[in-house]
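Two complexes come next, and they have one chain in common, subunit A, joined by subunit B in the first and subunit C in the second.
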Partner chain A sequence: MELRNNRKMNRRDRLLSLTTTAVFLFLLFLADRFGSDYETRILINCAIFIGLAVSYNLINGVTGQFSLAPNAFAAIGAYTSALLTMTPLEKELSFIVKPLIWPLSVIHAPFIISLLIAGLVTAFMAFLMGFPVFRVRGDYLAIVTLGFGEVVRVVANNAQSITNGPLGLKGIVNYTDMAWSWGFAVITVFLIYRLVQSSYGLALKAIRYDETASEAVGVDTFRHKMLAFTVSAFFGGVGGGILAHFITTISPNLFTFFLTFNLLIIIVIGGLGSTTGAVIAAFMVTLGGELLRVVEEPLFIGGLHIPGIPGMRMVIFSLILILVMIFARHGIMGSQEFSWRWAIEKVESFRRPKGGDA
Partner chain B sequence: MYRPVRNAPRISALITAIGVSFLLENLGLVLFTGRPKAFIRPELLSGVHTFGNVRVLDLHIWTAILTLLIFLSLYVVIYRTNTGRSMRCIAYDMETTKLMGVDVDRIIAVTFAVGSAVAAAGGIMWAMRYPQINPLMGILPGLKAFVAAVLGGIGNVGGAMVGGLLLGLLEILLVAARPDMAGYRDAIAFGILIFILLFRPTGLMGDRLPD
Partner chain C sequence: MKAKNIFLALAGLAVAAALVVFILPKKEADIVEIGVFLPMTGGVASYGQMGWAGIKTANKLEPTVLGKKVELILVDEKSDKIEAANAVSRLIKKEKVVALIGTSTSGNTMAGAAIAEEAKVPVVSPTATDPRVTQNRKYIFRVCFIDPFQGVVAAKYAYENLKARKAALLMDQAQDYCVDLANFFKQEFISLGGVITASTFCQSGDQDFTAQLSSIAATKPDILYMPNYYTEDALVCKQAAELGLKIPILSADGAHAPELISIGGNAVEGFTFTGHFAKDGATTELAKKYIQAYEATYKTEASGFDALGADAYFVLIDAIRRAKSLEGPKIRDALASTKDFPGVSGVMSIGEDGNARKGMVLLQVKNGKFTYLTTINP
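On to the complex of A and B.
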């Protein structure tokens, strides 16, 4: 049905989408020009998390394969692109314990190329990983991918002649600005949305609902799962590269399970399988995380001193995740997508006088 | 805790489980801070025996004995009692088990309790071995425990035991053979996991495919 809707998507919808995107980008431009440094950093963070969450949602939500490896993808992407954009001199200064191995020590590439290579390398790693991973399903797949994330961190900590070990990489140029981060977010959302709406997307959704049945009707489940996994990894890797050039210092500890957990909360709150939901929830969780900083800082209310509790935010986030799972399993959007027809019908039903059976 | 999501898709239960483990860990961080705390080893277990070149702590001997005892009692519970039979039935087919008049909720609760108690015993022995504790210490052993279970074959108590033993031996042997690779010891478990999944997904002693 959604496929037919897509075919029918007329000029009006396309125009509306383009206008909204343009208005939104203009607002972002204004925020970039006139917002404070803190505000732009939050917005850039939002954009990165939108891209990462939407690509994570492709494998977890749309295809229903419960991967817990997005932190590994982000890590591979971040390290790859950072190693490519750093100048040979910087690398020589950074790698004090063991020198960087040969080809990497002299390569120097522009940002955009480093991002593409980061995406490709990550996708390739995911491709290799897919063979053992898709031997299993469900809970087992989750733990295998979790283990993969752990291995990437262990390797990053120990392969000092490539990753500089626990010292991490410093002095990465701060290329990521509003344009790069939101460009990444918009392109990721657009491409993944198109993929989900295509016949491939249909097969992916079929796998989520019933893997055995979709195999029976002739869907090559392994190929489609692999497709979702590698595409998701590609954007995860690019996102990692964007993140690295935003924070400018990366170390293995940046890519622990905490990152995966954040993305998981985002796609669960948004509704597993909904790209729209992932975008909305990425906004909410990133902004909410900033607002919740209050609970970790000391407070003064009318002379009353309430000490901040460091670490309380993660407790709140885990509680939210559990409560959403128990009481609102479908999140904000369920597995539905936003469509103009739906929005227009909603607006019209509002306008209609009350008492009608609308 | 898991009852509300039991009839939901499996993924919901899994997400809830992740949420609960994250909640406990972070609550631990808030309450006890992330600083490792000393875990005082009882005097009773601190004696040292020397056999030739080998020095063995009393603790190590007791750990081995205790593990064996736990294994035997688990075996008895799972294969020799009604509760154990119900557990195995639920793993096989939950709906039919319910129809046969088994209180599925109770059995699952008991299974969780038994599993957690055994894990806690393992945690205490772990803490005595490396006498310090912190709220996040459980993540890696938990993951490795899963690898050991898959290595031995899911749903097979003896297999899990053999898997754990093999995994531990391989880790230590690698560190002993190539001390320069010691940093990678935590990655071995997953190397083994990948290898098994590719070539023998049922594990060494299992006959059921993990699904």
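On to the complex of A and C.
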């Protein structure tokens, strides 16, 4: 009885999810058709950060492993895909200090293939790093991954015949549009959500709550941590590729620790371990940053003239962060996910405030 | 639950505030809006702030064009590429500015260039010196000279005036600008008949340069060329003096900041560099007016970054005046035919390639002050 009920509910939930996704994508399509370039830019930015944050959340939030390497993953992905899609002619023009090494200098791949390769290369790097990294726990992991981020940046600065050093890559084709970026975001959210809901996801959550205990009940913690880390890196790499084809110029400076820091803020505000939270917070942070520009513009309130103060939005942003940490210590969503059941119950409880039979 | 409610309320407030500002009518008919995107915060904020001060001063000196009041709209790009692109997009699409001034660094100018190019809105950059900024772009201009010219001039000066035959290089490889300059210097110096004895590298933020300096000293060069930023330059000079390395040191416009002298002290005496602007070398009428206005407002000496900010503004206003129109393509054509414009940093002409042809000044630190040596014309 219970089981059949559940199955019915699942079918209903799936239908609801599909419809909302379709409606949302349709709205995005409308925004793309009728919105200005500025608006679509911001929306694309949102999509990229949603993808990056959700994949980062898999290792940091869901599995509870404090990794600080998403900037490194994005960098590897960005460089890989950019080197693959740039035409040989463009590469020759760009690499003025040292020529690009041979196989890379002639390769020219379509965008989608470059993104997949970027993801795979990044995942492979994460896989290699996983062996030493998951020998350590807790703070040590953070230090190792932080170090890895620096290593990647220094390599990008110095391996001039591959990355063009500090000059970076310029003239990358602007492939990333609404479809690519939101396609990436939706696919990432969907796959990671499914992974978290699966039995692998349960094991990952178990590791977060108590690594020793989960080992005791037979969870292969090393394998599961590896899985979360490589999957997270894969999407981080693809996200980096999308980002590179969005800004069309990349240099090692783009992938400093600040990128990691931004993503960390996003997943902490959203609630560590909550995919829904990561999506909401990515929206808030990227959109909010633009909306808050208002406070930096000169304002006329009545007869009062307030000159714009550059940097003001960072102050307000920090205040909001502090407020979130005071009033919602576990982030907006905590470790909860959005579910239709919850939403429907909410709506029903509004309709029947006296708390009927439900 | 309570926390969530507060949060929702906050989010609601933010949305309401945004709506109010978006809807507020504010356009007046008799103003010309010029967008300015500069790094007002972040890593290179000081360049942005100096540039903005210069632009504001220039705006005060020449507040109208075509009988309309010029209004500047500043958007901070946070020394960040993504933000720079967003800023350009916002200024063009939302504020609907007629032209743009910005930004201080080459990479970030390039990040915004594609958007402006597509929208046919001209951009004048004050200090983006990378040659690739204007390459294959019709709407991107600059009022500074480009890196190759600076490297070439430095090489010629070293070879011909200082009679140096052996040069060593020390470049900050975290900055594309430094690496670029060093490479152009190297090419020119070698083609003149000189030899590069050592190519050494450092990173922005380094404190200790003794390893590089020792290896440079071992090759006995006649001159050290290090086109880096002022902090590194000052520290290198100090440590070179301590090591007893007594060769002339040549640098570039990144060294032109008062901090060079305050950090370097006695060690930077005789330090020579190529730059955009020297107060004593400024000859035009506009420069005199500008320096007076700038120093009256800000109580500090006018320097390269603010002077170029002002020049970006003056050149743009001049172009709008000659175009007699506020349409992007017409302003663009006027900018591309700027000829012998007497700006703050010198007389300049801008061609179809978007680059300014103008003189470069040579400065030297003497008695704890930047002194003007000479102007080198292309």
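Following the convention adopted for this analysis, the second predicted complex is superposed on the first by the 309 of 358 C-alpha atoms of A that agree within 3 Å, B and C clash if a C-alpha of one lies under 4 Å from a C-alpha of the other, contacts with A are read in each partner's own complex, and residues count from 1 in each chain.
Assume a residue touches a chain if its C-beta (ideal position, glycine included) is under 8 Å from a C-beta of that chain, and two chains touch if they have at least 3 such contacts.
Please read all numbers here as calculations on a predicted model, not as lab measurements.
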item: Which of subunit B and subunit C A:Leu254 touches, first, second, both or neither; value: second
item: Touched partner set for A:Met314, first subunit B, second subunit C, both or neither; value: both
item: Which of subunit B and subunit C A:Asn157 touches, first, second, both or neither; value: both
item: First, second, both or neither for A:Arg137, with subunit B first and subunit C second; value: first
item: Which superposed partner A:Leu146 touches (first subunit B, second subunit C, both, neither); value: first
item: Where subunit A meets both subunit C and subunit B, residue numbers; value: 157-158, 310-311, 314
item: Subunit C-facing residues of subunit A, complex; value: 36-39, 41-42, 45, 96-97, 157-158, 165-168, 170-171, 174, 247-254, 284, 288, 290-294, 296-297, 300, 308, 310-311, 314, 320, 323-324, 327-328, 332
item: In the complex, subunit A residues that touch subunit B; value: 64, 66, 131-133, 135-140, 142-144, 146-148, 150-151, 154-155, 157-158, 257, 261, 264, 268, 272, 309-312, 314-315, 317-319, 321-322, 325-326, 329
item: For the subunit B and subunit A complex, residues of the former touching the latter; value: 4-5, 8, 10-12, 14-16, 18-20, 22-23, 26-27, 29-30, 34, 139-140, 143, 146-147, 150, 154, 183-184, 186-187, 189-191, 193-194, 197-198, 201, 210-211
item: In the complex with subunit A, residue positions of subunit C that touch it; value: 2-4, 6-7, 10-11, 14-15, 17-18, 21, 26, 40-41, 73-76, 81-82, 85-86, 89-90, 92-94, 107, 110-111, 114-115, 118-119, 132, 173-176, 178-180, 183, 203
